[in-house]
Amino acid sequence: MQKLIEKVKTLTEALPYIKKFHGKTVVIKYGGSAMTEDSLKKSFARDVVLLKYVGMNPVIVHGGGPQIGKLLDKLGKDSEFVDGIRVTDADTMDVVEMVLVGKVNKEIVGLLNHFGGKAVGICGKDGGLIKAKELRIEGRQMGHAGEVESIDASVIESLDTNNFIPVIAPVGGGEGGRSFNINADTVAGRLASEINAEKLILLTDVEGVKSASGELLSTLTVKESEALIDDKVAEGGMVPKLNCAIDAVRGGVHTAHIIDGRVEHSVLLEVFTDEGIGTLISLS
Amino acid sequence: MQKLIEKVKTLTEALPYIKKFHGKTVVIKYGGSAMTEDSLKKSFARDVVLLKYVGMNPVIVHGGGPQIGKLLDKLGKDSEFVDGIRVTDADTMDVVEMVLVGKVNKEIVGLLNHFGGKAVGICGKDGGLIKAKELRIEGRQMGHAGEVESIDASVIESLDTNNFIPVIAPVGGGEGGRSFNINADTVAGRLASEINAEKLILLTDVEGVKSASGELLSTLTVKESEALIDDKVAEGGMVPKLNCAIDAVRGGVHTAHIIDGRVEHSVLLEVFTDEGIGTLISLS
Amino acid sequence: MQKLIEKVKTLTEALPYIKKFHGKTVVIKYGGSAMTEDSLKKSFARDVVLLKYVGMNPVIVHGGGPQIGKLLDKLGKDSEFVDGIRVTDADTMDVVEMVLVGKVNKEIVGLLNHFGGKAVGICGKDGGLIKAKELRIEGRQMGHAGEVESIDASVIESLDTNNFIPVIAPVGGGEGGRSFNINADTVAGRLASEINAEKLILLTDVEGVKSASGELLSTLTVKESEALIDDKVAEGGMVPKLNCAIDAVRGGVHTAHIIDGRVEHSVLLEVFTDEGIGTLISLS
Amino acid sequence: MQKLIEKVKTLTEALPYIKKFHGKTVVIKYGGSAMTEDSLKKSFARDVVLLKYVGMNPVIVHGGGPQIGKLLDKLGKDSEFVDGIRVTDADTMDVVEMVLVGKVNKEIVGLLNHFGGKAVGICGKDGGLIKAKELRIEGRQMGHAGEVESIDASVIESLDTNNFIPVIAPVGGGEGGRSFNINADTVAGRLASEINAEKLILLTDVEGVKSASGELLSTLTVKESEALIDDKVAEGGMVPKLNCAIDAVRGGVHTAHIIDGRVEHSVLLEVFTDEGIGTLISLS
Amino acid sequence: MQKLIEKVKTLTEALPYIKKFHGKTVVIKYGGSAMTEDSLKKSFARDVVLLKYVGMNPVIVHGGGPQIGKLLDKLGKDSEFVDGIRVTDADTMDVVEMVLVGKVNKEIVGLLNHFGGKAVGICGKDGGLIKAKELRIEGRQMGHAGEVESIDASVIESLDTNNFIPVIAPVGGGEGGRSFNINADTVAGRLASEINAEKLILLTDVEGVKSASGELLSTLTVKESEALIDDKVAEGGMVPKLNCAIDAVRGGVHTAHIIDGRVEHSVLLEVFTDEGIGTLISLS
Amino acid sequence: MQKLIEKVKTLTEALPYIKKFHGKTVVIKYGGSAMTEDSLKKSFARDVVLLKYVGMNPVIVHGGGPQIGKLLDKLGKDSEFVDGIRVTDADTMDVVEMVLVGKVNKEIVGLLNHFGGKAVGICGKDGGLIKAKELRIEGRQMGHAGEVESIDASVIESLDTNNFIPVIAPVGGGEGGRSFNINADTVAGRLASEINAEKLILLTDVEGVKSASGELLSTLTVKESEALIDDKVAEGGMVPKLNCAIDAVRGGVHTAHIIDGRVEHSVLLEVFTDEGIGTLISLS
């Protein structure tokens, strides 16, 4: 009995957080290990459904790099990369879209529904959610690798209103019905600004943002974040993530979080504990 | 970190219960030690606010026997009792009403609000909630000791709709504006039927219903409950509680629970664990 | 027949007033003789229910001085007064709250319901309506005698929407769940500003505000009212009432009225005749 | 002052009736002297606006016989009558429609608006309110004199919802857009059934229904009413009025009233006094 | 079959226009030949009902000059005209109102309903739609010839919301319930501004606005329109029509159109083709 | 001009059909040539968007056989077929889901949006739309080839309410999150019954149902349809289509249509002409 009492006591400890975030929207970029390791997948799905049931509105944006690579390999297609971004021809885009929308997205939907959620998976073409255009990197045309031109979030709002959990594949639609593959972090960040999210949570495979001396930085202001980039303390894949967090916070999102998706229940740890996990970026 | 992970894991274990009771109404008769011991009072308030925030509609009905006695003593008024029920003259009723409505009720409201709820305390006269009439025991008129004649729950529904937690003092209104003191268990049971509650929870100062050999009975059907009364296994104060549970379940309440209010977080233990606590009474 | 015709003709004479105040809110401070003499109590209750049925939203705030004194006497408790305000220790506050919330408030509710209204009685602690803090008079701490810190009128609006008549006892809630006894005029005035009331009506036991020469002043501007105070023409209990009216009008209430509650149907006389009754205070 | 008190006291005497009929619909057939004498017109308009403001939904159906006759005379058109009903050719129908819809209806609308109502005048063709067909009397075709085939009251409900007072000219639309002149009593009765009216009030130029010995009959059951017709006690114009009342009551209207429109404020006398005026017909 | 395919293909060609004007309001001044020639009347009615069914909100304002003249002739009444406007005495106004409201308006309602619409005909007195006052031309009082003082479009909005098509006779109500005959173009223009119409369409019996050399001008800016008036290129009846269009466009209507009502389906041609018909006036 | 008049006249000819089907739901099974030939794809998309804009609720269910085969070929996977249905192992199901959900579905969404619709593409797993289970054919387990167990159309209704056009890939979700490939005709039929569709339209690559002598049968009752199957007049792929139509009509769909998708604008021809196209199946 005493053990059960301890358990339910834990529930009441979550009460202040539940109150604080009641009715608030949380955009979660889902990717990395949290999306590939079986136990992490399950703990993530449970976390998201719990957020929904205790009164928040989680919105999931997912990536899908590894799965895309596997199918391209099977089909014997090579890709060129510029600055880590795939130059995407029409055939490759077909594969990208099929994997992201037809496989990865639906697996996440299936998992969330299995744990009691009512998830609906869409991509940026549905309901005109994401209007996209071709990306150019230093003048180089990237084919079907695109960037967000504008967002019309009415389909998200309609799903939220009806208590569905939106799961979004980062594929946008452009002129003449062309499809574009867009970076999932960017989609999550832009969407979070657009729907006035309380939090943007980016799941990564690192502990968080680190100082020059290698220590985890628990909180950063936007200015400190920019300094880390300018001073080249933040490098590689962390730079776009930091930029995405900075843009979201400047765009009205209350806090952005770069957290370690390799930790079980990382999303709940972020939302339901004072310590949080990873790095929190806020205006000041 | 591992400790925090264990904590949030506990949250996800509550998910099946949260889903099951989402949007459901739970009527709780609050009384006994849970209403007098300081730490139990706080754990009870936390529990109720948590139920509200995770999507249930808790409705509290409280008693107030000991506090009434104290003030009557101070004022030097004696009372006669018939079958444990106070023969209530007009002056005594004044004291009863002041204590229940003006003291006990508002303490509970204050406590719930302190823990983040938005509680509103009313009595059965407000909004015409409880129409009452004089109780007679074996022909004996009991003065202002009354019984429920009918219930108009529109004020409860209006408070629920606006996310307030209703806290109800068991005082009804009768002909010519007379006040009646009514047994709180009965009010809770009748109200639970009227508003189609999922659960009726009666907080007591015993472990639950016991068998002839003194063992706690975890589950009872309505028929078994009636047999316990007929066979005089259930005696004393347990009889009216059992009858109240039986009536509620027959009136459409899904399950009634007679639980031990002396245990910390007893309400959450009942709602959020499979084992539950005390005795569950259901139709079959 | 002719007599009946005269009667219904009177109804049509009320039409211009009914149109003018349709859908408007009227906050009435109820106290004095109107709350103690039986026939006045009944005529007041009828008036309020009528206002509700012809389309206005009456909100009642009541005092309770004499009744409090009586119970304190019975319990042998003395009180010290500073500037007419009771220095209120914890035990005294208990009595104050019991009398105001548990007795006076419910009597009013009962009376309104008897005449066909659907009244709901609450105090300032319910739904977090009135946040209060300790009053200080010239540095002297007044214990549980408090003043309004802020008002959250959502519970009033929810009751209005559902056609209940709110009846409010002037007890607020402070830090740590402490109760505070607040002047009822002040509560009525603050609440009237907060909910954009059309009228604030203060029932008193005098004819209205009088000039230096002792004549009743039918109308006053805010400036004239302030001059009466500055020039010490208005004295004693009239000063806080005038200040309350001034604050309400400055806070957006259209007109404030200090009227004679000893006159039968004084509220209807104020609302439904051009002559009105007592003193009207308006911006200019 | 005492006189004013008497006046407002009268208002409170109306309270029981206001409560009883709150939210109820009252269909009034308006005609006869009440529609031609200036002071009666005004008292009628005031009555109707008052009913609306105290929470009822008055619906007016009017006739217009005399005014039609005048214009036909001016245009030098004679009419043949069968059983008191005008055999209506196309040219005559033009005049009927112009007078009823373009003159009488708009005068009533103007009067109601002058006294503060928001009246909207329509005829049975608007919004498909009344589908009509040609009347036949003993095989004789009556041209554009028609009878009600069916009613679609959605336009009335839409006006009610938006707090307009519907004023209806008894002209229906038939096959191929033909117009039909219909008896206004019949339209009022059928409409009252269709919209579940609480009362049907027929304004006439007699005191009410009388017994064989010439005494006014204050109340009649449907069966007694039928007996009066069968026994030829009720004769002439009273027969169709009684039949209309009988049909309405059988069709679900609570009470039908044949009252004396020559008495000032006859409608209010009927609604707001126990004595009423004229004859009340009810099921039993 | 091929012919049917051609037909449905035509439907899809209308799609861009249907999308563009979906949910938009179109005020149409209906008059001239389109209101007198049988086949044009039918094609007009079909057009309006179609607009409603494909998602627009058509609002019809009609005139009625010729029909008024006919009845005045029959009754032997002469009228004096000033600047083409009838000096209207009380008797004449009676005739005007009867013809416009009781005859012309209801014919249009009947026709629209015949083709499947749900039309409701009202005049400016209904629901207080048009408040009017006496017109003066160079100091000369025009009797019941009036001008718009203000508009309260709530009755139009209520009809629109419930999917009725409002049909409005240009008769306004003034002080003391007086009726005023107002120019229908002006009513249409003012109403279009008031309800933020997308389009104002004036049906006339000419091709449109012409240049000095007699060529049809397909599009005009407000400034060009004013120049045409200043330079006396536009003359006679075209001047008030142009002024009305100018005022509407300045008042927020997107485009005003002066089109040839003698052409079958002129309204559809205007709405559903790029070429349009007649003259379009816009801000720039 | 005359040509334009002819065109808009065609619009008005559609009016009776627009009225008849206003607010009605039409489920369209989209497949065959209409989904592969470029000009047919465009004419189909225009048709669907037009239906939406003129007030119907089109719901699209699509197949995708050929595209699935292509990718399986590329990946070198063979399939066994039983009764024309693919025995689907896990790897094959992955390909099926990617092609249907990630490619075919999004192409249709893109096309509809290009022509001005707001389409949202989902599969049966989204929002728990289709619960499926494994199909067995004569005892043979078919792997991931499934059948409909139950339908929860709340996600469709939510999309309809917000004016989105739902486009559904026939993939259902089963126990443990398994995916099932289901026959698209069946999904369309079951869904049509579930949401009380007015029409079920099955696009095929034949003219319609034919008689024994090879003539096209324009209309069939359910009984006649069953006879055609029993008598083996209907054979091959037509049998399941007929059964699907029969089930839908028995399940409450008003009419089912087997039409020739090779004809341009076949959907509009069916909805907007009396002749229709293909075969109509109705109850009697």
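A, B, C, D, E and F are the chain letters, set down in written order, and residue numbers restart from 1 in every chain.
Basically, a contact is a pair of C-beta atoms (placed from the backbone, for glycine too) under 8 Å apart; a residue touches a chain by one contact, two chains touch by 3 or more.
These numbers come from a predicted model, not from an experiment.
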| item | value |
| --- | --- |
| Interchain contact steps from chain D to chain F (minimum; 1 if touching) | 2 |
| Angular offset of chain A relative to chain C [C-alpha, multiple of 5 degrees] | 120 |
| Far-end chain from chain B, centres as C-alpha averages | E |
| Chain of greatest Cα-centre distance to chain A | D |
| Rounded Å distance, chain A centre to chain B centre (Cα mean) | 45 |
| Rounded Å distance, chain A centre to chain E centre (Cα mean) | 55 |
| Separation of chain B from chain E, taking each centre as the mean of its C-alpha atoms, in whole Å | 68 |
| Between chain C and chain B, distance of the C-alpha-averaged centres to the nearest whole Å | 35 |
| Per-residue multi-chain contacts in chain F, two or more chains | none |
| Graph class of chain-chain contacts, one of line, ring, star, complete, other | ring |
| Direction chain E, origin chain D - full chain order round the ring | D, E, F, A, B, C |
| Of all residues in chain B, those that touch chain A in their complex | 1, 4-5, 7-16, 18-19, 22, 43, 46-47, 49-50, 53-55, 115-116, 263-265, 268-269, 272-273, 275, 277 |
| Parts of chain E lying in touch with chain D, wherever the complex brings them together | 71, 74-75, 94, 97-103, 105-107, 109-111, 113-114, 118-123, 125-128, 154-155, 158-159, 161-162, 164, 171, 173, 176-177, 179 |
